Each structure stands twice: as C-alpha cells, then as structure tokens.
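Step one of this worksheet: look at the structure below.
Labels for the chains are A, B, C and D, by order of writing; each one numbers its residues from 1.
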Amino acid sequence: MKLTKLLTVLLFVISFYSLNAQSGYRKEIKIPDIPGYKTLKCDFHSHTIFSDGAVWPTFRIGEAWHDGLDAIAITDHIEYQPHKDYIPTNHNAAYEIGKNLAIELGLILIHGSEITREMPPGHFNAIFITDANALVKDDWRDAIKEAVKQGGLVFWNHPGWKGQQPDGAPRWYDEHTYLYENKLIAGIEVVNGSEYYPKVLGWCLEKNLAIIGNSDVHNTINYEYRNSRRPITLVFAKEKSSAGIKDAILNKRTAIFFDGKIFGRETFLEPLFKSSIQFASTDVKTVGRENANIEVINNSDVDFELRLVNVDDTIRFPDYIKLLAGTSMMFHVRARKDNTDVNKKYSVVYAVENAITGADKKLNVTLDFNVRVTPKK
Amino acid sequence: MKLTKLLTVLLFVISFYSLNAQSGYRKEIKIPDIPGYKTLKCDFHSHTIFSDGAVWPTFRIGEAWHDGLDAIAITDHIEYQPHKDYIPTNHNAAYEIGKNLAIELGLILIHGSEITREMPPGHFNAIFITDANALVKDDWRDAIKEAVKQGGLVFWNHPGWKGQQPDGAPRWYDEHTYLYENKLIAGIEVVNGSEYYPKVLGWCLEKNLAIIGNSDVHNTINYEYRNSRRPITLVFAKEKSSAGIKDAILNKRTAIFFDGKIFGRETFLEPLFKSSIQFASTDVKTVGRENANIEVINNSDVDFELRLVNVDDTIRFPDYIKLLAGTSMMFHVRARKDNTDVNKKYSVVYAVENAITGADKKLNVTLDFNVRVTPKK
Amino acid sequence: MKLTKLLTVLLFVISFYSLNAQSGYRKEIKIPDIPGYKTLKCDFHSHTIFSDGAVWPTFRIGEAWHDGLDAIAITDHIEYQPHKDYIPTNHNAAYEIGKNLAIELGLILIHGSEITREMPPGHFNAIFITDANALVKDDWRDAIKEAVKQGGLVFWNHPGWKGQQPDGAPRWYDEHTYLYENKLIAGIEVVNGSEYYPKVLGWCLEKNLAIIGNSDVHNTINYEYRNSRRPITLVFAKEKSSAGIKDAILNKRTAIFFDGKIFGRETFLEPLFKSSIQFASTDVKTVGRENANIEVINNSDVDFELRLVNVDDTIRFPDYIKLLAGTSMMFHVRARKDNTDVNKKYSVVYAVENAITGADKKLNVTLDFNVRVTPKK
Amino acid sequence: MKLTKLLTVLLFVISFYSLNAQSGYRKEIKIPDIPGYKTLKCDFHSHTIFSDGAVWPTFRIGEAWHDGLDAIAITDHIEYQPHKDYIPTNHNAAYEIGKNLAIELGLILIHGSEITREMPPGHFNAIFITDANALVKDDWRDAIKEAVKQGGLVFWNHPGWKGQQPDGAPRWYDEHTYLYENKLIAGIEVVNGSEYYPKVLGWCLEKNLAIIGNSDVHNTINYEYRNSRRPITLVFAKEKSSAGIKDAILNKRTAIFFDGKIFGRETFLEPLFKSSIQFASTDVKTVGRENANIEVINNSDVDFELRLVNVDDTIRFPDYIKLLAGTSMMFHVRARKDNTDVNKKYSVVYAVENAITGADKKLNVTLDFNVRVTPKK
C-alpha cells in the first residue's frame, strides 16, 4: 500500500477496504432481533492516539465495521494525554476525523469522551455529546453536568478496575449516590475488557440503570481479543439510528454479549434465546423405550448450554444439551419405561447456563412439546 | 485496559505484553542460520500516524516483536503528511518514541524515512540515518545525498507500483542510472506488500544490488496479511546488530521470504534449503521392486516443493515431493525392475519450485544417497 | 467411549452424536435453492471396509450428516475386495448396516455399488439399485444391464484416472458409445476426488449427460480433505427425496461444487449465483467523481470472483470484485469525468471466474443498476 | 483415490501418505526428553471394526503416526463384538493386518486386547501379549492370568466410567485387591477419553502402580477430539522400543498429557518442566523501581501456567505467568522500593497449575536468579 493523492478522510477508507481486499469485508454478528426491537451491536468505549490509544480514528471505525458492529463511540480521555508532546490537545479530533468514513460505511459513530478522575468517583464515559472540549472542567461534577447539558448520556466505567480498587471489588461511594439521585448517570459498565463485575449487574437491576459492556480497546481488537470476541452492548432499539440507541439506553433496553455469555434482564434474554433457536418439530412420537430424535438449529453466534431443571417421571429429556453456534444437532428423548402410554403437552424447563440474569441467576426457558408415547407390544 | 500512571514510553509496553497476556508473546520465524551467518528477519518499510499510517510507533515495534522479527525500520514519508492538520511535523518523532521499547524487547529499530517523489525517480527508503528532518530538500538528489552523508543506505521502493507505473511494469530511468553510477543506492525492493517484480530481481543480479522485500505496512499486519505473512528481508549477518545488518546489505547478503517463496541469490538459497531439511538416513536399501522408505524432516517455516529434474534408469524417486513446514514425511524409492543389482552413490537433483533465484530461474538442489538394491530371488 | 449394551445399528449413532458432543453437530452447506428447485448436496461415490475403504458404514453416514450433505451413496467395489481374508463377501452389507442410522438422521442413503473393470470400459457406479449381489457378472455389459433392470442409474467414474489412463487424458472408447447408444449411462464424473476433467465437462454438454462430482472417499473426509471440502454434486430437485434426486439426474439438473468452483450448465449456475448474492440497493447516486458505495452480501459458502467484461465510457465499475463467503463488502463506483450528467439504467457484465460452464467457458452475469450522476458544481 | 493393484497390507499405506499428500505428514508432539530417558508418546487403548470401532486397523496406525505418537496398542474387546454378523471372530486380526505398516512407519505397534467384564472387576487392557485368541476364558481371572503368562502387562480401564459406576465414583473392590496382591495388574487408567479420575491418581501413588492415560478411541481422533488432543501416556524409556516401553511401565516411569495438563509423579514432572523451559538469562539487574525484563522460551507443546508461591519483601515477581507453547515471552521484575540495594541469589517458587502430582497437589518449581538491585540516585 502506498501514498495516494486523496483527501485525508478518505485515505483510510481506501487502504481499508479497497486496496487490500482481504481486509475490506464485514462479517455480521448473528444475534437476532427480538419482537418489537432491532438488536444493535455496539461498543461505547474505545481509544485512539488522541489519548492513550495506539490507532488513528479511521482505523477504529474500519475495524468496527469489519467486526460487524452497528455503532461505536470513541471516548478518548479528557484528563490523560500521554502523547501530548507530539499531538496538540483537541478532544473533538477523533470524532471530526472519523465521521465521514462512518457515514460511508453506514456505521453509527457516537461522539464521546472519557472523564477520567481519581476514585471516587472514577472514570465516566459521556456519549451523545456535541463538544468534548467543553468537558474540560476542574470539578468532575461540572464535567458531567456539561455532558448532560449537551444532551449526553453518562455511564460509570469499570467500577472494579484494580487500578482504582486494588482488591477488584466495586464500591459505591457517596459521589455515586450524588450522580444517581441527580439523574446524572444512565448506566454502569458491568463488563469492561476482560472483566465482569457480578455485583454491578445486581446494582443495575436494583437501581434500574442500563447494563453496559464495552471493550475499552486501546491497541487493536485483533491484539486484545486474539482468540475471543470483544465485549459488546446489545441495544434493543426501535430503529437503527443514533436516536434509537439513545432511547434504548434511557429505557434500559440493553444486554451484554461477552465471553460466550449473554448478561441482561430476563425480559430481553428470553426472547433473544427463543429467536436464536428453532426446532424442526415439537411433536415427539415414540414407541416403548425407543429414542425419538429432536432436531434443533441454532442460528445465532452464541453457543447455548442448557441444563435440565424439571424431571418428568414418564419421559426423559437429556440432562445437558449444548447448542453450538450456527449448527443443527439432534438429541434423544425417550420413555422411562416400556409400557408408557401418554399423549400430553409437555413443558420441559432448562436453565441456560450462559444467559446470566442476575449476580447469581441464570435464565430458565420453557420448551413446549406434544408428546405421544405408545407402549411397546 | 485503562489509564496507567507510567511514563509515555512505557505505556504501550505494558498494554502490549503485560496487561493483555494473549498478545504479549513472540513466535519465532523458523528460518535457520546458514554456515557463517545468522539469518535475521527484517522489515525495512513501515508507516505510522506520523505520515499516512494508522498506528502509533510503539504499536509497530510490539507488532514486529510479536511476529518474530529481529529488526524493523519505520519509514514515514517526508513529503506526504495527510495528518498534518492534527500532528505537527517532526520526521524523527516515530524513532524517538519507539527506541526505548525496542531496546527493552531486544528488537533492532533502524532509523529511517521515505523520500517520496514523483516517478522518476519515485520513492526511496533511507535507513540507518541519524536525522530525518535534514532530508527535507527541494531536490531529491540532495535528499538522497544527505541520507548517504549521514551514513544511511538508500533503496528504491516498489518500482512497479501502479500508482506510478499504471501498467505495473518497472522502468529504469536516467535518474536511476545517476543514483547507481554515483553509488547512491544499495538495493531495490523486489517485493513490496503483495507485489513481486521479477524484472527487478534480474536488475539486482545484473547490477549487484541488494535484494529487498518489505511489507510497507500502513494499517496493522493483522489486517493487511490476514491469512498470510508479511514479506520480510532475510539478512545473512555476521552478528545480530544494526551494524551487522548494514554490513550484510552492503555486501548483498540478503534474500526475501514472501508468499511461501524464497527469492534470492543461489549462494544463499542453497545453504538455506540444506539447513532447513534433514534426512533420517541417506542409506537406501531395498530388494526387488519393494519400496524403500525415506524419512525427511522440514524444521523450517517454509513449505518446500520439489520437482524431479534428473531421471535414473535403475532407481525411481518421486516426481514431486512437498515438504510441509514443521513436519516429517516419508516418501518411497524403488528399483525400476525386479532384477536390479546396484550398489552406488546416487545424486538425485530436484528443482525447488518455490526457491526463486532469478527472473525465471529456480534453485536446483542435489541430494546424495547411498543406494543398495539387490534383485528379488 | 466404552461398550454399551445397545443394538448394533444404534451403537454408532450413540458414539457419534451423543457421547461425544463435539462431533454430533451438523453444519449446513450454504448453497441456496434456485427458483423451482431445492439444491441438494450429494456425494454418490464412497467406500467402506466392505471393499477397500477404511471405515465402517455408519461412520460414512454420520460423517456425511455432519458435513451438511443431504444424500450419499456407498459404492463398494464388486470386483475388488482386498479385505476378503477377514470379511466374507456381501455386497449389500454396507447398505443394510447403514440404512437405519440414515433414517434417524434424515439423510438419504442411496443403495449403490461400483462395477470395477479394466479400461475400457473402466469403472462405473450403479446407484438406486436394489441388490448389489446380483451385479456379480462375468461380462460388464451384463452387470450394467442388471443395474438398469433394478431401476438403477449408472455413471462412468473418473475417466481420466492415471491408474487407467497413464497420461491422465480421458478417452471415449467404442464401449462407451455402446453404453451411450443403449441409454445405459446417465452421466459421467467430471470431478473425482482432487481431479477435474475439463474435456469430460464438454462431453456431458454435447451428449446431454448428467454432470457428476464425487469424493470417492476411502479413508475419512477429514484426512483426505484436510484444508478443503469434498467435491459434491449439487442436485436441483423438485423434492428432497431419493425419487427427487433420481428425477433430477435423469433430467440433467446437476452441477458440481469443488475446489471453490461451481461447474455446470449456465441454466443452473446463473440462478445459483443470483440467489447467493444480494445488493443493499441497486440505485447508484453520485456527484462529480465522488465514490458511490455499493454494498453487497454473499450469503453462500462460495467465494465468488468477478472480472469486469463490459466497459462503460461514463461510469467506472471495479475491474475485479471478490465476494467472500458469508460476508458483506462495499465497492466503489464513480464517474470517469467531473462533468458527467447521466440518469440511466446500466447493465454491468461480469465474468464469474469460478463458475465454469464449459471446458473453457465461464458464466457471465449481468447486474442492473439505476445510475444517477450529476456534475460537480 | 481408486483401486490399486498392490497387496492388501500396502493399500492403506499408499492411500494414506502417498496419493493424498495433505494427509501423509507427521507432526511431532513437542514434549522433551528428560535426563536419562526418552519421553515416548503412547496411546495404549484403541478400537477397530474388529470389535466396536469404526475404522480398519491400518487407519489407526496411520492416524497415530500422523499425530506424532511413538507407540499404540489396538485393544479390541474380547467379549463384545457387535459386528460379528458381518465379521468372523479373530482377536488377532487387527494386529496381523497392522504390523507391516507400523514397521514401515517406524511406529511401535503393541499387541493388545480388552478383557471386557461386568464390574467388578470391570474392563482391563492386556498389552504386550502374543495371542489374543487365547484370552477367551470363562473366568476373568483366567483371562488375566493367560495375558500375564504370555508376558503381557495388564491395566484396569476407566474405573469411574458411568456405564459401570452410575455415580462416576471409582470403587476399589475385593477383585482388585486380588489382582493387586497377586501382582496381576501393572497400572490403572487415571485418564480415559475425556474423563480424569483424581481419586485413581491417588491410588496409583499409594499402591505404586503405573499412571496410564489413553484415548479409548472408537471413531477417529479427528471426530472425537476436534478441538483438542487425544490423551496420551508419556513413557520415560531407556530406549525407543517395545521392550523399553514395557520396562518403563513396570518401573512406573509414566505420566499423562491430557486437556492441557500433565499428570504424574513429581520425580518426572519436575525435569519435564525444566526441560521445556529456557531462560535467556538468569541475571536480573535493575535500578530503583525500574522493570528488569526476563525473557523465557517455552519449547514444548504445553501451555504452562505459573502462580507465585513465595513472596519476597524486596523484589517483586509476577503473581501469574502463562508460558504459551512454542513462544517466548517477557515478564517484569522490579524492586518494591526506590532505595533497595541487594545483591543476592534469589529462588522464586511457582506452582505449575497444570502439572498435577496428586489427587489435590500441583507441582512446585524453584527458579534461581542472581538479583542485583541498586537504589535510584
């Protein structure tokens, strides 16, 4: 790849998906829409060379598009600029540089910034703002109020980060009560990078805050998530737009996909599971103790792991089923005795081991079948 | 990954191989030393955000270390700075920022720059320079002379690049004759990015210039070489040091590893092949027309493909052998007739199809065996 | 995995997809249906330990189900049984052993056998037969007639196999004329294992025979196609059933998917391409020489490579587009001059380089766009 | 691949590594020798179609060679032959069919069989026997005595298999005391397939029995271990031969490599770890609280995970180090205070989390460094 005489903003578009065809592709993340909402895949926390990140803004955008995301926020630190000997301060630079490429790619770029203070209160991302330079304030309260004044939403970042909580335990301070009572925060990061804070999931549910999960990427996604995926916030939006995302966060319609697990409110995880899975048939017919084969397809990118919860005394479903992403599988069901004669609707209940609905809760799903067993003659 | 209170130069070290363990590893490129020389793996052409690249200098260095390289040059354009609205001009910035991390990692960082002019004469990399800012000159001759004055070596970049040669054919202009006759250029890129110029390999051999192959990476290696490796210059050096590399280039002891092929002078490719390959035994004993099994191990990262050149009328070797990287294999040898009775030293000749020693030449290797065939009774 | 007290026919079902969950999954081959027909994925040539294969029949069936196939034929050799010192002759054994598992998995198992003679006439697969033991005949004509009498279809296997044609060139003998004129053969293998015979594709088109491609697997698919896919015959059937497949072969509604390429009649390859590809929009709007971005999704498992055929003097489409399987991509279209002012329907023609419609022909596809270019002011 | 006119025993050699080059390669398992012994990679438990396996014996052998093994035993069930309607009983068949190919490939094929009884006493593998047909006995005691009479070694298979212990808990019965006291068993499977029995590791250590781990493969390794490796017994032998393996088992010089972990006696695991790992230097020099970089290479195929055990009050080593297989990495060491002034030999102790030396014990390793810290001025 060599010099081209295009405008600056176009340069990385070109190098990204035109000159080097191998890189210029997008692979959708297969997590289905749920009834009434589009499921948008978002990362609201990332850095560029304008604070302590390693890449130019257009790289972040091309990377997100390639990874199948619908929206990202670039949230460079206001108060931490280790590159300032080489790069003059302009907290809006990343957004300015990136916005045209985002439009070309159909990716929603959300203007954002990270308010970066000692704990308490710690770090906060302000997104949907209009001028990051105006967030430079002595008092952190003023910075957050300015963000909200601009129409921004503010969420608390990595509350259990060892850099600010050496024991890794998230703590709720008076400062957070202040923000909460004054309706200055909309959500909290339950997942940041490779960290998950179960306690914080509990806070979000108790206090009715949005459940947020982000990569906080500084280098590249490829380096930081070599054999995994970046954490993303799943946003259940009425429409695919910046406004649709904002509305969804304000109304707590979010979940997290991270480390093969889905974290979120039961209200959203249940339809998400049901939209991902499809049974070839829900009629189960068998004779004596012969196996009835049940075929099920998992059209999503999530490997769902099911553990049997209820036990029926006539019919036997598997204790454990693993539904691999993008594949179909068959499992066996059979009568417990040779002389079973039943014709019933049967609702089997499985715990979805990787759908987390609380600090120590998993999603239970009910699957309905028509069971017809005739005795063996 | 979040803010840390370390010095700027350390920040990316930390984020690179300490906080994110998955990324902090180095995988050696297995291409063996040859008798008398260490085989160093080098990339002399790369960019950062200080010209039109997408990454911060320390990322380039961590990336090279991770990829198993021994040395890189960062060679930002002097005359092309599309980011200058946001980043003040300082052609030495990338080297200054990166040098400490390179020392920590034991990677040789070569100070370099790309003199970027219309064709003719085109683009040139100056490496082993001491002050890139001094290369800002109106006349390209002065820029190249300044580089040489600083102790630098200059090579001509991508002579067949379509941006400067729309038909993709490298052309040698009077300007290049000027540089050559005044001993101002040490070599030419025979490989740049995904392009190989056979004609230029011929030029290097005729004119006794160093054979160079580089990535010219702008984004990240992961994005630009997703399912392949970056091209590298193999440098056959007396010692692993900056001086050792410079001495090797001046004495044309280089080759290229790119796209599964090795390009270079026969003098170096032959020992490179022989150092990569090891036979379990070179004694071939068989009776009648039974198969004798010959086991061979390929300890290198190169898949060697051999095509039989000479044909013996008593003993039959395979027409084609593929020696996969890092594996052992067995092939069969047998007599052509039942009543063969020979006891001889036999030298079989194979063309190594992916060892390119000229614009249209491949390396021939001679393998010596002791063959003992007794007739079947 | 250990002994279980189940019936023989169930044993491998269990070991295959129940005890070892990792293996018990099926991944569909994404090649879409075409208007009027289901696209079935079939392999009509495979072996088991009952002739010279390495696996038990139920393994073949589980393997095919896992690989996403709809139908297979096991076609052990009638005249070649290298294991007969250990295994008594029963040419129906593989079918008998496998049929129940196939039913359980919903895989169509076609009863078949390979009539295995010297060239001419060579080897022939008889499929849809009812009794393989009845194919044991001295005269190959009688064996083939018996197969046809049973309702079988016969096709000629690997006509260019070096074991029977040392120079690899397929030859049409009088024996084949005999079979053809007596309507005893329905098709020919244009692809067998890793071999493709362009000349035979020509024969199939001239003589109106079915185009067949098979794996001829003896070991396992994993060993024989480690980094690739097995060749399959694509059957365009009115219904997914044994009868549907037979009807499609008799009516020449077949194609081959092999080595990243599709081979077949234009009539089927054109709708197959169009069903695989989807444009986000076919409206192209741009100003001056700005890029218009066209987004296209490839929902199939085929990487399609397009090369521009027609050139328009006002509007410029890319010379080459690679549509990677399962991804979306964007390409640029723009006016050739700043002052273009057009509003037209434009049909761009691309050759699909990996859709082979004859011995030396490729599929041309026409893509229709509404182009609106306004001059730059 | 098609019919060839070779002898039966050669057929699969050919198809395996000659016709299909992609399959005909061997990749060594990189687990180093230890002082005084060669580390042989063995699997003493596998099945073919001669009992309830899915493959022909030569496939098992080619597969083992390809996977980098040094030795295998094929151990078809004596008392369980679900294929007998199609295959006449001959318990020596697999060994007879396989032995020539094993010789050609340099793989040690150990004659074996599985004595397959109800629990107690359960299943036992007899290896190094000479005639499996002679193991057909009414009383299991007689079968085992016959094996020992032939010079065989007997080990107890999968003592916690749910098919014989529904709760998965291994139980030691009087029958096992009988075998143990009469010196009729040499070892026990601590690992079988995907199961590890910690309690059984304890038994082996208490009772001085050989620690054995096997695949018990019935289908193919590729299907049963798609994203993992088969379990293997590591045998520390004086020589690479059948006799060398037997001597090592008799003298309890074995360990297991399975699921990324090494299980065995400390005596062997400690030198195994030390032979796998290499430090670039053991001199640690630093000033003030600056980082000293320590480079370490892991030449083995095992990812070693180290957790700090001892804590020094002057110098700080990382709490956790992951040494990825086949890579080098750097970690940091630094003084705890700015004014540290020490010059000492320092032995840091790490627990190797994946080197299991007892039912609930891990290997501790001591690493010695020369530490020189000078205070920052």
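Quick note on the criterion: a contact is a pair of C-beta atoms (placed from the backbone, for glycine too) under 8 Å apart; a residue touches a chain by one contact, two chains touch by 3 or more.
Everything numeric here is computed off the predicted structure, so don't read it as measured data.
Common partners of chain C and chain D, by the touch rule above, are absent.
Spacing of chain B relative to chain C, judged by their CA centroids, is 40 angstrom.
Chain D has no residue in contact with two or more other chains. Every pair of chains in contact is given here: A-B, A-C, B-D, C-D.
Listing the residues of chain C that touch chain A in their complex gives 10, 17-18, 21, 24-28, 104-106, 291, 293, 295, 322, 324, 326-332. Residues of chain C that touch chain D in their complex: 1-4, 8, 11-12, 15-16, 20, 22-23, 49, 52-56, 58-59, 62-63, 66, 77, 80, 82-83, 85-88, 90, 93, 97, 116, 123, 157-158, 161, 163, 192-194, 216-220, 222-227.
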